[in-house]
Amino acid sequence: MQGQDLSCIRQDRVLFAQLSLQLHRGQLLQIQGKNGAGKSSLLRILAGLAQPDDGLLYYKAKPLAHSLPAYCGNLCYIGHQSGIHEQLTALENLGFWRAASGLNPADDWALLAQLGLAGLEDVPCRMLSAGQQRRVSLARLWLTPAVIWILDEPFTALDQAAIGLLQQHMLDHLNNGGAIILTTHQSLTLQFQSLVQLELAYRW
Amino acid sequence: MFKWLDPYAKSETLYHFCGKLLPYLMVSALALLLLGNIWGLAFTPADYQQGDSYRIIHIHVPSAIMSMGAYAAMASAAFVALVWQIKVAHWAVLAIAPIGAIYTAIALITGMAWGKPMWGAWWVWDARLTSELILLFLYLGVIALNGAFSDRQVGAKVSSLLALIGVINLPIIHFSVEWWNTLHQGATITKFAKPSIDPSMLWPLLISILAFAVLLMALTCLRLRTAILVNEQHRPWVRKLVGG
Amino acid sequence: MVSLVFLQRELRLLARQKADWLNPILFFIIVLSLFPLGVGPEPNMLRIIAPGVIWIAALLSVLLAAERLFKDDYRNGVIEQLVAGRQSLLPFVLAKTFANWLSTGLPLLVLSPVVALLLGLGQAELGAMALTLLLGTPLLSLLSVLGSALTMAADKGGILLALLILPLYIPLLIFASSAIEAASMGLGYQGQLAILLAMLLLALALVPMAVTSALRINVS
Amino acid sequence: MHFQSFSEFLAMGGYGFFVWLSFGATYLLLSGLIAASVYQHKQFKQQLKATIAREQRVKQYQEQQV
Amino acid sequence: MVSLVFLQRELRLLARQKADWLNPILFFIIVLSLFPLGVGPEPNMLRIIAPGVIWIAALLSVLLAAERLFKDDYRNGVIEQLVAGRQSLLPFVLAKTFANWLSTGLPLLVLSPVVALLLGLGQAELGAMALTLLLGTPLLSLLSVLGSALTMAADKGGILLALLILPLYIPLLIFASSAIEAASMGLGYQGQLAILLAMLLLALALVPMAVTSALRINVS
Amino acid sequence: MQGQDLSCIRQDRVLFAQLSLQLHRGQLLQIQGKNGAGKSSLLRILAGLAQPDDGLLYYKAKPLAHSLPAYCGNLCYIGHQSGIHEQLTALENLGFWRAASGLNPADDWALLAQLGLAGLEDVPCRMLSAGQQRRVSLARLWLTPAVIWILDEPFTALDQAAIGLLQQHMLDHLNNGGAIILTTHQSLTLQFQSLVQLELAYRW
């Protein structure tokens, strides 16, 4: 996938212009930048949630407009918001996501236990701590068959153990031919071979 | 006064105290109820105006009066709970609310069943009837509000506050007959000086009222015990009591 | 199927927020009982204003319940996710609508005998009322889902929703209350029912599409 | 005894329906309330017992692991 | 003073969320215009039901606006902060109440001539209506602030609030509409006004306290 | 200030029991623990927002119940939530907080510029990026005269520059005789002499 000459303008301020980027299978693209540089805005454009003010996106060398369903089906976007319903339990939230993306039911209990939520599977999510809620929303990365992951500050609120776990999972995904775009202010602790960094300058 | 109450604020003591009281209360409530109702149904003369339909009085008036009594009790518990921050009192509020709601429903149903033959309509929009309906809504509001919070403690406190605020409805119900001209009967037995009712009818009625009051206490004890267990389930004494 | 899972989620939410389907009923009864208090208790007067009053109360209770329909899911980012995933928006909307009707429209229908009692309606009016509620409440649910989707990202709450819905709702009100009135005068009311049915079908065809695009617009 | 016969007692001077309706509803509601309260109490105790047992099993399991 | 700053904040929010004070007005008018549609347009009938209808519409529009009163500040953690800081809760509540009245009660008052026109009311009734609105809408604001504070942390939205408020509101409805009715029959209505005033004063004394404690409870 | 034998029970699970802690002027207390260990719950208790299920808090050797106003007046709590209104601008939010804690108006423009929000002072906060919103809510630490600060994961969403700035400000505060309690999953980068760490175990 590829983006060409992207630009985004928010409140009459040019966040970035003529930005081009490419992402291949097995590649991890880390977008860096100060607070307010436009990282989240860029990710939302890449996820198809917003339109670029200029420029085009390509997926498998075709403009995105033509391959939208294929692209969206292959995408997993996790943003600043959690995407979990506070009244539902972790288990129910997972089941919902599974169904929404057309997957078959599987052993969510084991997954949640793996994520350190053993014993909290059937507690409404609003009763979980900040980090536990984050874990539930990240659990989707274990479910999804999507190839492209777009993660906006996934490490927020997680403790060290969970960060390690998530990075390991990302590594596995890359090795399986996946591609990841992420932003984070914390530095990555594991060794990623195919790490590409893109620096967004904070423009005023 | 609260020196005296204090030992009962300890939930374990209160649990056992309620447990001891419960059988006596329950048995005497049921006995009184049966006595009062059978006496009233079969062994008193018919009213010269209303015929035998007046026998509904033996449950209508007790349940109506005690529906208000239950609210008063609930509100006092709420007051104690909020002012002195006594947890058990919060639970008492929640224990009483469903009982009061049922009593109110009984008062409404029996009132309607009495109103059809007497006034010719199941329901009229008379002040007392309406305010009794509002009382039902207040009870339901307390119950619903408590259910609306996923944090049990917060729910209990907020519904106590609501119960306390709703007290202003009690005088409205009681004096509604005097403030608005209505179909409903004025005070007959609550006029202490000279009850304007025949003693042969009065006695079974008084017994029934007493029965409803004792039943209220019994049920409160029972439900309070459950509430204590639910809220104190992590305490060692509960664990030992339930046994695992 | 997917749709079923979505419906299951909504129902579970309803079951979780236990009294959520009870509250509209209570609200409906309370609003109905406000009228005799405000307007005066004469049975004749009540019977005349009954059709309008019932339908206004029904509108308001459905409306109030609809307000938060999408709010939570929007704030949590659930809808953002669904839009990003694209395929499953329509079943989601259908499930929401159906759950909304189950929790607000259906109870009103079940309640209609009680209402008839409170306002002193007769057999014929009761029948007409039940029939119009049967056809009208799904329409109402559709409309409020639409309004709720439109106002999802807006900063303002229920009132904006109400404003959007009310104009759309007026034809429903007119035909439904005129059906009940016709019944009370012993006339037939098949005509009104047919119109209600037509409106319902039209809404069923158009509203879900409108809702999905409203959601999509609101997210970006 | 005010009534001459049982059927007269049932008829309640023509008001039988209303009188028995109210008494019936009352006893139904009251017994429902009592039963529900007792049931809730029992049920919660049982539930708690199950939870305690489960916790102990978890504890045992954890000790075995160590 | 502190209170003024809080009030300024609320007013600024109102100004920002521009149509927030416009919507209740529109809602009020729309509900009022639903009645002729639902009940039938005979002027006599309308005049009889007018007092009740006006007050019911007023209640509903204030109620709808009240729902979100504290929700935003709660979700953002503003109220948590105020509770932790403790001293400034009462001015905050007073500012909220006053702003709520300014944005919902006052417009209704200003609107009353239009309403009189819509429902065919005469001079005397108009005067009575304006007076009862003057005394009643602040009370209504106080009640809805109370309900909003009680349900702030609750999972359910507007309908629960309505359920809690409506019983408390009924006395207001009765006296206010009976005042208008008395006016329409050419009788005096000082008695009703005095009672309304008394209720207002009582609420002014008690409600702010209740609201602050409700906020405090909801946060913990 | 001092806490003795505190315990907290949430959803019938004992998070901590018989926990005692002390905090002196000039001291930084860092509470550590896994996700869900009960850090936030502890901080809320210390801030007086929740009641401990057991145990007592003391402030200046007096039980908290007797010295509540003095304590609360001296406290600044910033939790997971931002405490800023999304519709208001950064400037208005600050003005509100200033008034709410009874402070005199001062030059908020300079403060916001110092925090890297120059040019965004009069934009509604919902239009700011995650990190910028966080900066606005942390700006209160520059306003407040409070001695005790209670901060729940203050570094969330901030970039490295902002984290450095905040830590420097914390250092100054400690040197001026303040006291800080904080939780964070990221490690502190500056050198704090009087750092005390308290580990909360995740109990199940």
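To keep things simple, chains are lettered A, B, C, D, E and F as they appear, and every chain counts its residues starting from 1.
Note that in this section a residue touches a chain if its C-beta (ideal position, glycine included) is under 8 Å from a C-beta of that chain, and two chains touch if they have at least 3 such contacts.
It should be emphasised that the depicted structure is a prediction, and the values quoted were computed from it without experimental measurement.
**Q** Listed by label, which chains are in contact with subunit C and with subunit D?
**A** Per touch definition, common to subunit C and subunit D: B.
**Q** Would the interface of subunit C with subunit E count as same or different, where same needs over half of all numbers used to appear in both copies?
**A** Same, since over half the interface numbering is common to both chains.
**Q** Measuring between Cα centroids, what's the chain most distant from subunit A?
**A** Here the answer is chain B, farthest from subunit A.
**Q** Name the chain pair with more contacting C-beta pairs, choosing from B-D and E-F.
**A** Result of the comparison of B-D and E-F: B-D.
**Q** List the centre-to-centre spacing of subunit B and subunit C in whole Å, with centres computed as mean CA coordinates.
**A** Here the centre of subunit C sits 36 Å away from the centre of subunit B.
**Q** Taking each chain's centre as the mean of its CA atoms, how far is subunit C from subunit F in angstrom?
**A** Centres of subunit C and subunit F (C-alpha means) sit 46 Å apart.
**Q** So the centre of each chain is just the mean of its C-alpha atoms; given that, what is the distance between subunit A and subunit D in Å?
**A** 52
**Q** Could you pull out the residues of subunit E that touch at least 2 other chains?
**A** 17, 155-156, 160, 163, 166-167, 170, 220
**Q** What are the residue numbers in subunit B that touch two or more other chains?
**A** Each of 130, 137, 140, 144, 148, 150, 233 in subunit B touches at least two other chains.
**Q** Going by the contact rule already set, what residues in subunit F reach two or more other chains?
**A** 80, 87, 204
**Q** With touch defined as at the start, can you tell me which subunit E residues reach subunit F in the complex?
**A** Touching subunit F: residues 2, 5-6, 9, 12-13, 16-17, 72-73, 75-78, 80-88, 92, 219-220 of subunit E.
**Q** Spell out the residues on subunit B that touch subunit A in their complex, using ranges where they run on.
**A** 150
**Q** Where on subunit A does subunit B make contact in their complex?
**A** 87, 124, 126-127
**Q** Touching residues of subunit C toward subunit B in the complex: what are they?
**A** These residues of subunit C touch subunit B: 17-19, 22-23, 26, 30, 33, 36-37, 41, 43, 46, 117-118, 120.
**Q** So in the complex, which bits of subunit B are touching subunit D?
**A** Subunit B residues touching subunit D: 37, 41-46, 51-53, 55-56, 59-60, 63, 98-99, 102, 105-106, 109-110, 113-114, 116-117, 215, 219, 222-223, 225-226, 229-230, 233, 238-239, 242-244.
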